[in-house]
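Heads up, the next two complexes both have chain A, just with different partners, chain B and then chain C.
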Partner chain A sequence: MTSVADWAEPNPVTENRSGVIGKGVDRYEGALKVSGTAPYAYDTVAPSPPAIGVLVTASIPRGRVTSVDVAAAEAAPGVQLVWSHLNAPKQAPRGARANPRSQRASNPALASDRVEYFGQTIAFVVADTFENARAAADLVKVEYAPEPAVVDFLASFDQATLPPDEEDVHIGDFPGAYGAAPVTIDETYFSPLQNHVQMEPCATVAWWEGDKVTVHTSIQMVKGGQHALAETLAIPSTDVHLLTRYIGGGFGGKGQPYDDLILSALAARALGRPVKVAYTRQQMFHGTIHRPAVSMRVRLGAEPNGRLTAFAVEAVTHCARAATFTEHAANFSRNLYAAPNRLTGHRLVRMDLPHAGPMRAPGEAPGMLSLECAMDELAEKLGLDPIELRIRNEPDIDPETGKPFSIRQLVRCMTEGAQRFGWERRNPVPGQVRDGRWMVGMGMAAAIRGNFLLPAKAGVRIDADGTITLRQGMTDIGTGTYTILAQITAETMGVPLSQVKVEIGDSDFPPAPGSGGQFGAATAGSAAFEAGMNLRRALTELAVGDPNSPLYGGPAEYVTFENGVIAIENRSETLAALVARAAPDGVYVEGSIAPAADARDYSQHTYGAHFAEVGVNMVTGEVRMRKMFGVFAAGRILNAKTAKSQITGGMIWGVGTALTESNAVDPRFGSFVAQDMAEYLAPVHADIVDLDAMFLDEADDKANPMGIKGVGELGIAGAGAAIANAIYNATGVRLRDYPMTPDKVLAGLMAKGL
Partner chain B sequence: MRTTITVNGTAQTLDVDPRTTLLDALREHLGLTGSKKGCDHGQCGACTVLVNGVRINSCLSILAMHDGDQVTTIEGLGQPGALHPVQQAFLERDALQCGYCTPGQICSTVGMLQEAADGWASRETADLTAGISLTDAEIRERMSGNICRCSAYPQILAAIRDLAGEPA
Partner chain C sequence: MRPFTYERATDAQAAVKAVAENPGARFLAGGTNLLDLMKLEIEAPTHLVDVGRLPFAGIEETDEGGLRIGGAMTNARLAAHPKVRERYPVLTRAILAGASGQLRNKATTAGNLLQRTRCDYFYDTTKPCNKRQPGSGCSALGGPTGYGAIFGASEACIATHTSDMAVAMTALDASVETMTPDGGVRTIKVEALHLLPEATPQVETQLAAGELITAVVLPPPPLGGQAYAKVRDRASYAHGLAMVAVAGGRVAFGAVAHKPWRAAQAEAALAAGASPAEAAAAEMAGADADDRRTHKIALVRRLAAATIEDAGSAR
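This part shows the complex of A and B:
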């Protein structure tokens, strides 16, 4: 097994001779995307014209379907089939895993008469056109026997239990230390249910050739989707060819298969023709996962000098009754600030709502909204600058595990950010700065997000014309995967970017875990790097063993790869010449990465600091961001341009979290009140003013051979809290209930007599 | 129902279900899948195309309403190797991530720049008698009908700024 010590050795990527690593090169697939020629799942051209499927969904949160009247739908023009649980094809039972190596279990659609949440698929209509299918779907008449449902989170805390296989973490004596602390904070913060609202609704096009099904779908995990479909249909996974080449946003919400995948495959088999199915925007809200609401109690006890002595973060959240997902909103706090006496943990309420699941920075995104405000509140109580308070509680080692940090530049993020943002302009006394009707204030927050490396493979081939093609069952959900894989391959092989092709999103390719948990670049990229290193070895062997090569006889250890040329000092030839002569069919090798045996001996995270300036309208209570700046430390940056896009995108999610984004549950139906993009308020262009970010120089040699880490989720962690703290600084009104909409702000202003 | 429209310079006669939206006509019947469906309700802008030079949400418009109209889609603006200046600016500024809102953003930008040049006012226009000065606030306001969930807004602004030049 490898050790992190092996990763500290110099290699082509860390040496970066051609300088392509880190460079802000244009997105690999960018020209296709800006010209509308990148085929997303639903754009796929099937071998013959597809029929169109439309989902019919439940209008109660819990109960049974007692009757489904499909007569009118079946008789409607163009209709080819109408399914409910009464006549849907047999599928493997939910959770079944015929192949123990399958990454996902069976996930049948229309499996029974049970309704477990509002918006669950209860019928399915396929017709020759979208117009006919949609009209027929409206004709399906469903009757229910409703059962009592638990849908009100805040009223159900008495049902909260410990999540499965989880205990609270106690270190030292929290109650004793908290009781003895001279300065304390005890506040509860609430972050609401949120939806991913990826621009591309989930969609699949499916067709069969004999026993094999091909599906073009929108999913973040290639193998997960392939295995789920195979298990559900009870066929070998080798009979499922899953492609997901361009994905219109994922953010965690497309980490799993949905009914479009299963039903399009089943219907295509039943009808003997391609079938495509897309969720409507409204169906996406209930039919796919969401981020659950979280209530977080934070208790801090400190000495007058700001040193924390007692520290507790306790989160209550919810998930679907039959599920086990936990929003681990307290986890991040275990690694952030030093304090000898600690308590952290979670409670879970099971509810009859659609499924909760991971959404961009699960845990950190809602969790940091609490602690990073509580630290602001404590700083004010102590008369300390919020940055200074955090510096005084900066740990030397991981405060919970006692492990060394691989690298930790949180303090530098804060000090560098303060300087660039102009933090010294902030008046520490709240409510002092006016700009006409606007009260102006500044706030900051820290950011932390874990870093992960998962096992992955990649394949790379060189053809006789010198083209190098990287292949991987990986996905690009807008994160820049195509681009960074091309950069890594080019630098590893010492060839110009124009000589590299990247092919991903295909279950036939060597598997990678997909996009999620900001592990994508490190995981898929490291496998690509290892594949490249193996290709270097193969080509070295080829050259030194070929009497017709100028490199014949070696020595192999002096071989270099640069500018498309393989050389030993002044003996050289192009890679194309070598391969064309010595291996005219090309050379293909694979490579793989796995976590180092000692990787977990280090506490490993990405860090950052957010700075925000807001204006609060004294008359309307409206909050407008005026400026936001973030500084981040996230390992070696592979592409300055795409990494920055990722991080600023995350920060903007934080702005939405603080100011506009939430969904409420209608207690009558267990449905979400916001079911479209006019009601669910993701930030629009006019909401985002003067927002920028930078990365600190960093290489984390404990992370992987390239010293890189993830950036996709770090940007949202803490961002909303910086805005909340700025609102307080502007107004003196401390809100703890996200998002901070005008009604709440106005009530706070009025309570203060403003 | 027969409708004749000119799409990207080519006259097309379609005989389709009268319920067909312009967006579905382009995507399903003409194979022009560059225009995207994000909401089908006029809320996201992913389906933005230019009709007689004016940007509209094609999902909110029935094909039959466009008999005789000139439609330009993202495919008609430019293709790889010969990108339209707006497409090129989006590429260089990384004004896209997943790319799903991007065709709509780009068509919207083309329409918006023309609207500004023609003196159309927006909520941000202080003086209705002077010509339009495309300040950052004007651009943000005028582009707010195109949601980008990846939140490429700073990069989209930079791309449009490259094209619009500095405000007067």
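This part shows the complex of A and C:
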């Protein structure tokens, strides 16, 4: 096992001789994507023409399927197969795990007559064409015995329980300190249910060759998908070849397999021909996971000088009845501000809704919407600038664990951001600034998101022409993974980018955990780096041991790799020449990374500060973002362009979270009201006017060998709160119920007599 | 979606005949609404007659000094037309406030007028909806979102019509010209084209089966300023929560009723010398809504007052 101390040594990436690390190089697969030629799962050309499957979904939230009439569907043109729980092939029971090391358990489709949520798959139709399959799917007639369903979150708090294996965290004496505090805040904030609405719906193409199945699918975790399919079909995972080369967005919603994967594989086996299945846009809303609603109570007690003495963040959220997912909306607050007396915890309501699950920055994204507004409210009560209040509560060590920070530049993010944004223009008295019919205001919020490193492997080979190919069972969900892996490999091997190929999204390749939790770049990238270092060692040995090499007999520790050339001072040859001569079949090595043994001795996070200016229409209550700026500290930045795209993408989602994005549950039906992208309102271009971000110079040598950290989720953390605080500053109306739609804002304005 | 047959009409009369004689047939124009509805089996025509390429996609001057707009003209071309921009700015603004650039490139004048409601429950075929399935009930009534009409709603249906273009046309006192199944020509005021839901929300206009909209005629621009305002959750690509169009002394609202709503009380008040706020209040006195929708009454009142004011200072 390694120690974080080992990572402090300089290495090719941290030395960055060619300068390609950090450069805003174009996306590796960008041309394919913008020209529409990147084959996403559904575009994959199967070895023979595929049949098309269409899902039929439940129209009640809970109960039993009492009858399925498939006669009309079976008789419809082109139909090859109609399945329900009555005749679907037998699969391993849900949750079964034949292989104890499997990364995912069995996930059968059409397993029983039980309906556990609206939109659950209850039948499946395969036909020769999509049109025929869809028309036949509409002919399947299902009858139900409905049962009472719990679907109204706000009305079900009495059913809330502690999440499994979890206790509240008490430090010091919160009730005592809160009771004694001269200045207090006690407010409850609500963040709604959200859907991922990835551009690409879940989709799979499957075919069999003998006992082996090949699936091209859209999933964030290669091994997870491979194992889930193998477990469900009760076949060895070596018989499942899973590919996921291009993914049109995941955001956590594709971290797990869905019925498209299982049913396409089963149907392809039954029919002896390739089968492809995609969810419709409408089916995505209920058939995949969502971010659950969260109600958060925040209590703060402070001295008149702003020092927090009592601090409590308590979250109530929900998940599906049979599941255990918890949106840990209070976790982030354990590491953010100093306060001696603390209480944090979660409660979970089990409901008969579709499955809740992770969505970009699970925990932080909804959680920070509460505390970062409460801090704004406290600052006003104390007559302090919100930045100053946060600085006064900046901890020296992790406020919960007492561990040292690996590095923490939150204060610099705030002060640098304030200067660049022009925070001094903000009038601390709300409701003072007008621009025609628009009331204008500014708000800020802090951002924090954990940083993680998971075990991963990578393989790298060099061919006789000098081409270096990185291979990894990693995914790129649109974040730029291809590109940063190419950059890391190029810099590690000292070759130009054009000499590097990246092949990912294949279960035959050395495994990486995939994209999620903003651990992708650090985890997959570090394994790629280690593989590269191993290739350097292998090529060094090859050169100094080859009598025909100019480096022959030289001291291995003086070998350098630069511009595609291996050298010991002025003795050199190209990598291509070396490999062509000494290893004409190429050289392949693997490398791996694992968390350091002492990694947990540090409190390790990424940080940021958001600044927002909004206009609020006095007539209508419409809120429009006018300007937004964020400053972030997230370790060494591998690619200025893709990192900024990630971080601003997160900020944009924050704008949507604050202003438009939510899905209402209709308690009468147990279903979501919005089921397409005309009604589920993510921001469009016109909503995002002037938005920019920058990164502070940083390298976190406790994080991994390259000193990089995640950026995929940090940008959304806190962003919505900055908007909410700006709305308050503009109007004097304090809303605590996201999203802040015109009806809520207008009601607030009217209550103020405006 | 059900299988269907398709023909591209080359002359209007044949198109009218083809649809009038076949109860399963429908006109297809840009398809931006109808095809979506067909995919979800909300509509299931067995035959489509494509009228999108019939030769009435242009604009001509009328003898009265107005404009005749072809029923098949795209929303994008109509909004950009110099004569429209110059003389009927409220129409250009209304169209550009609707949908998205891509949709406006396909959507047509006639199709836009006849777009169906965006009521969420109309689109969710697992739910009762009197408009989709007469007699099944209205799921929007008592729903959680506060959606619905505040003028002329019925127990059977509270859906709203959310065309932006139609609101401006109503304020401009425009008329549609149609070709009827018997080969005749009919003129209907835009404000009278759509019906209130009453007990039959599935009947949305007074057009007969197979009656083809060939043109929309705008009278000469009214004296006085024009203004258009739309409230929406996001800055673009969203159906309106409320719309107000003002052209001279005429006022129309959108997204408040089953049809573009001519605000006759507001107009009368303005004619009698009322202030914009008073005129708006006069109209809203006739509004009606359950608890979940009362905010909308306040919203429309404020929006109407502000837009009337804007029109007054626009010229």
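Just so it is clear, the second predicted complex is superposed on the first by the 754 of 754 C-alpha atoms of A that agree within 3 Å, B and C clash if a C-alpha of one lies under 4 Å from a C-alpha of the other, contacts with A are read in each partner's own complex, and residues count from 1 in each chain.
Throughout what follows, a residue touches a chain if its C-beta (ideal position, glycine included) is under 8 Å from a C-beta of that chain, and two chains touch if they have at least 3 such contacts.
Remember, it's a predicted structure, so these values are computed and weren't measured experimentally.
Colleague: Is A:684 in contact with chain B, with chain C, with both, or with neither (first, second, both, neither)?
Modeller: both
Colleague: Given the touch rule stated above, what does A:59 touch, chain B (first), chain C (second), both, or neither?
Modeller: The answer is second: A:59 touches chain C but not chain B.
Colleague: Have a look and say if chain B or chain C is in touch with more residues of chain A.
Modeller: The partner making contact with more of chain A's residues is B.
Colleague: Just checking: does A:664 make contact with chain B only, chain C only, both, or neither of them? Give me first, second, both or neither.
Modeller: second
Colleague: So, does A:345 touch the first partner chain B, the second partner chain C, both, or neither?
Modeller: neither
Colleague: Between chain B and chain C, whom does A:354 touch in the aligned arrangement: first, second, both, or neither?
Modeller: A:354: touches no partner chain.
Colleague: If we overlay the two complexes on their shared chain A, which of chain B and chain C does A:676 touch? Say first, second, both or neither.
Modeller: both
Colleague: Between chain B (first) and chain C (second), which does A:621 come into contact with in this model arrangement: first, second, both, or neither?
Modeller: second
Colleague: Please indicate which partner A:131 is in contact with in the superposed arrangement: first for chain B, second for chain C, both, or neither.
Modeller: both
Colleague: Given the touch rule stated above, what does A:38 touch, chain B (first), chain C (second), both, or neither?
Modeller: first
Colleague: Show which residues of chain A both chain B and chain C reach, each in its own complex.
Modeller: Shared contact residues on chain A: 131, 135, 676, 678, 683-687.
Colleague: Would you mind writing out the residues of chain A in touch with chain C in their complex?
Modeller: On the chain A side, the touching residues are 59, 77, 118, 131, 134-135, 138, 282, 437, 619-622, 624, 659-660, 664-669, 671, 673-676, 678-679, 681, 683-687, 741-743, 746-747, 750.
Colleague: Which part of chain A faces chain B closely enough to touch in the complex?
Modeller: Residues 24, 26-27, 29-40, 42-43, 45, 129-132, 135, 196-201, 246-251, 278, 280-281, 477-480, 641-642, 644-646, 648-650, 652-653, 676-678, 682-689, 691-692.
Colleague: In the complex of these two chains, what residues of chain C are touching chain A?
Modeller: 1-3, 39-41, 100, 118, 120, 123-124, 126-127, 139, 142-146, 231-239, 241-242, 295-296, 298-299, 302-303, 305-306
Colleague: Which of the residues in chain B end up touching chain A in this complex?
Modeller: For this pair, the touching residues of chain B are 17, 19-20, 24, 27-28, 31-41, 43-44, 46, 73-75, 77-81, 83, 87-88, 90-92, 94, 96-103, 106, 136-137, 139-141, 143-157.
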